[in-house]
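Below you'll find the structures, each written out as structure tokens.
The two complexes that follow have subunit A in common; it is paired with subunit B in the first and with subunit C in the second.
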Partner chain A sequence: MSIPEQIKFKPKITVFHCFNAFSDPSLVSNGNFEVKSVKMACSSLTREVFLLRAFESGADAVVVLVCPVGQCDYLQGNIRAARRVARMKKLVDEIGIDGKRLNIYNVTRGDKSAVAEIIQKTVSDLAVLGPNPAA
Partner chain B sequence: MIVGEQKPLAEIKNIVAPYSKILILGCGTCVKTCFAGGEDEVATLASALRLSMKKDGREIKIDELTVERQCEDEFLRQAASNISGSEAVLSLACGAGVQMVADRFKKTPALPGVNTTFIGILEKQGLFTEKCLGCGDCVLDRFAGICPVTCCSKKLLNGPCGGSQNGKCEVNSDIECAWQNIIDRYKALGQMDRLTAYYPARDWRNSSAGGLRKLVREDHVI
Partner chain C sequence: MPKKYNIPTKTANPRFPPVGKYATVEFREDCAGSCHDCVKKKCVYNIFTDNACHWNTMKEPEYLYICKSCLRCVQECTKGIFSMSVNPEYLTLGDEYWTPEIINTTWAQSHTGKIPVSGAGYRGPFAGEGFDSIWTDMSEIVRPTRDGIHGREYINTSVELSRRPMRLEFNDDMSLAVDLPPIFEIPVPVLFQKPEFGVLSENVLLSMVRAAGAIGTLMFLKPESYSPAISEYSNSLVPCLTGDNYRKHEDKVKKSRMVELEYQPGIEGEFSGLRSMNPGVVITVGMSLDGSAAGRALALADSGVDTIHFYGSVDGREVGAEKQRYLKEMIREVHLKLVENRIRDKINLVFSGGIAMAEHMAKALICGADAVSIDVPLLVALECRLCYQCKVKAPCPVKLEEVEPGWGMQRTVNLMSAWRNQLIEVMGAFGIREARRVRGEIGRSLWFEDLERENFGPIFGTRKVAGAG
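What follows is the complex of A and B.
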């Protein structure tokens, strides 16, 4: 995975993911960016405070990967996660570190290329956003 | 339950601005149920404040604690050591809880982090609706269990006003007409004759209009 040249720092991305949506061990850091993976039994376990604590721990961006709508093994976990992330995006804006650093994506089970694209997009977005100003 | 809503982060930041070491004190009863001031909200607010202050180049030490009920000594006492170790307490309880902290810990500023909104019910997950004004003279027996004092925008005891349309209030079309609901329920209960009863003006001295209210239970006072 390449990295835009204009990035002058090594982005840290924390990925919360339902292990039904994504459990590939290849989701690891490389020399250009660092990925921390937080596995959940269902995305309904996405708790607001953990998203913020990821930023407190130094993440430049936080990504939540959930199953597509209608495909949650526990019926509504992905919908609940989406609501919480939407609320937290506003709070991250209020905090002053830009809600664009927090995003949620629906991922079809086993779609490695989709996840790679999401990470690539996040790295590109961070080229514009810069490092987490509260890290 | 008492329903409340957490204040915006910017307002809370202004409130705690003079302090560098605070306790965020949650309440595990009403405001926990309405997602304003339980353990989760205390933790989330603490994290948000730390991040926001750090972004501004400021440091703040935040202690976090939630007691079962801030409005009772028995529970509030558990927070004594946390409170004595803080410059101020940001209470996420209702207004009663904040004032209880102020009253019991006179040397520590008690600050509100929640706007107390109303006495209400959990209509469905995530939706809270006002149901009681605490008027001090309950009339629910006369109105089929629906309170016109709270639910009618005009607080009419002798309704309906005639302004509602399709069961919605003319003051706000998002609100159900309380009197439409009262009539529907009278019908269901076979009590339509109650609609012809006349109710004289209330004595509002039992409400907050009569000044600060106290309730004394002599059998519990020692």
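What follows is the complex of A and C.
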């Protein structure tokens, strides 16, 4: 996975993911960026406080990976996660960190290439956003 | 009254978050928030507090490795915000024989030293293949205050590994006319042996050897695996030698209480040589558990051997056959061959390969073994995930090479304590107070094949396809 030239720092990305949506131990950091993966039994366990704590502990971006709509084992887990992330984006904007650093994506079960694309996109976005000002 | 044998346990926490089975999913938006009767506070295993601690440090939760799935939280929440989930990673553990359930319960026993419990009930089949087709007859469960691990009466789990004379002979003055061989017994019917695969560093082997010493059993080990640190525990080691090389390892023979010689035709001719080096040594002959094992055992039984050690396959089967029989059938064959020839009491039989759980130990005894020898469970006790990465020289996910021997010893001791407690519970339910009396006590078991034949045979005829399916 490449990294845009204009990035002058090593991005740290925290990925919260439902273990049904994605569970691949190969999702590890390379020399150019660092990925911290937090596995959950369902994306509905994404709690607001933990998203904030990720930023507090130095993440430049936080990504939440959930099952596609209609495919959650608990029917509404992904919908609830999306609502929470939407709420938190506003809050993150308000406190000056920039809501664009927090994103949620639907991932089809076992689709590794989609996850790689999401990480790549997040790294590219960070080239514009820069490092986490709260870190 | 002699002091009761007891295996002391001490909690030995895992070094890495174990892969747990159950996870709790909660929909927080639906929480009443004011019922003051939150089931999270009532969890007897403190699952929710522990997992919140993990979340707070941004670590993966334990996936409720300690959750016994009693479903109290799911049932008692007034708003029904909880659901249970099974961790998909859990389902990928091990293989067809060493199932996730075996691995997970072995971890729990090594961690706590307690008998594993499960609260979600059992939804699987009630009979399987191999040992799973044997049910133990627990009809003597009468008084928990008298029997079992909390009972006041002692249940003896020790077994002998030394040979016995078939009869005593006396001189005219009533003195003994026969030499009695020394009696050698171990307090649990389990021995250890070095696994065939895995990260088998010195620390890993040292953990196993020290645990063997702590509980008073022995570990089979080839001389090339000896190191100066391991040699200090020679008293707990059984060097696995051959008829050709045992003279080169005289120092090991002299320091050991038991020595194993690999089977080869005419191996009995070497026993006198071994006994001249160490007169009190217990001799065992190791041989593969194949189709001719029973015949070889019979031929050896009268040769002065103390114990015969049969090596089965890692999945508990006969070795070297196209259609491999299960360990239970092989044990029965060898045991009954010796019984039919009226020489069974003279020697002892140890079986290894595929002994994965405490119940396998009890069932092996029922089938006719005197003791069993284990290998893979010793690795699992040290957190091995049976991912088999070590077979392709890939790094171990739980860094077994860094195991601290003291910690490893305690994990293994805990596992053996839990196994022994389960054996005591089963023996209490049998109404048998001596592990030696369980040997070949087939009347204390129910076999699926027999029950099926007796009950359904008259209606449906004989089974066309083998197995329990």
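Assume the second predicted complex is superposed on the first by the 135 of 135 C-alpha atoms of A that agree within 3 Å, B and C clash if a C-alpha of one lies under 4 Å from a C-alpha of the other, contacts with A are read in each partner's own complex, and residues count from 1 in each chain.
Definition applied: a contact is a pair of C-beta atoms (placed from the backbone, for glycine too) under 8 Å apart; a residue touches a chain by one contact, two chains touch by 3 or more.
Just so you know, these numbers come straight off a predicted model, no measurement behind them.
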Combined model on subunit A where subunit B meets subunit C, clash or fit: fit
Touching partner for A:Lys39 - first (subunit B), second (subunit C), both, neither: second
Subunit A-centred angle between subunit C and subunit B, computed on Cα centres after superposition, in steps of 10 °: 100
More subunit A residues in contact [subunit B versus subunit C]: C
First (subunit B), second (subunit C), both or neither touched by A:Phe55: first
Partner chain(s) touched by A:Arg47 [first = subunit B, second = subunit C, both, neither]: both
Which superposed partner A:Ala134 touches (first subunit B, second subunit C, both, neither): first
First (subunit B), second (subunit C), both or neither touched by A:Gly96: first
Subunit C versus subunit B - closest C-alpha approach in the superposed model, Å: 5
Subunit B/subunit C common contact set on subunit A: 47, 53
In the complex with subunit C, residue positions of subunit A that touch it: 14, 19-20, 23, 36-42, 44-45, 47, 50, 53-54, 57, 73-74, 76-77, 80
Residue ranges of subunit C in contact with subunit A within the complex: 23-29, 55-56, 58-61, 63, 83, 85, 87-89
Complex interface listing, subunit B residues touching subunit A: 8-10, 40, 43-44, 47-48, 50-52, 54-56
Residues of subunit A touching subunit B in the complex: 47-49, 52-53, 55-56, 91, 94-97, 133-134
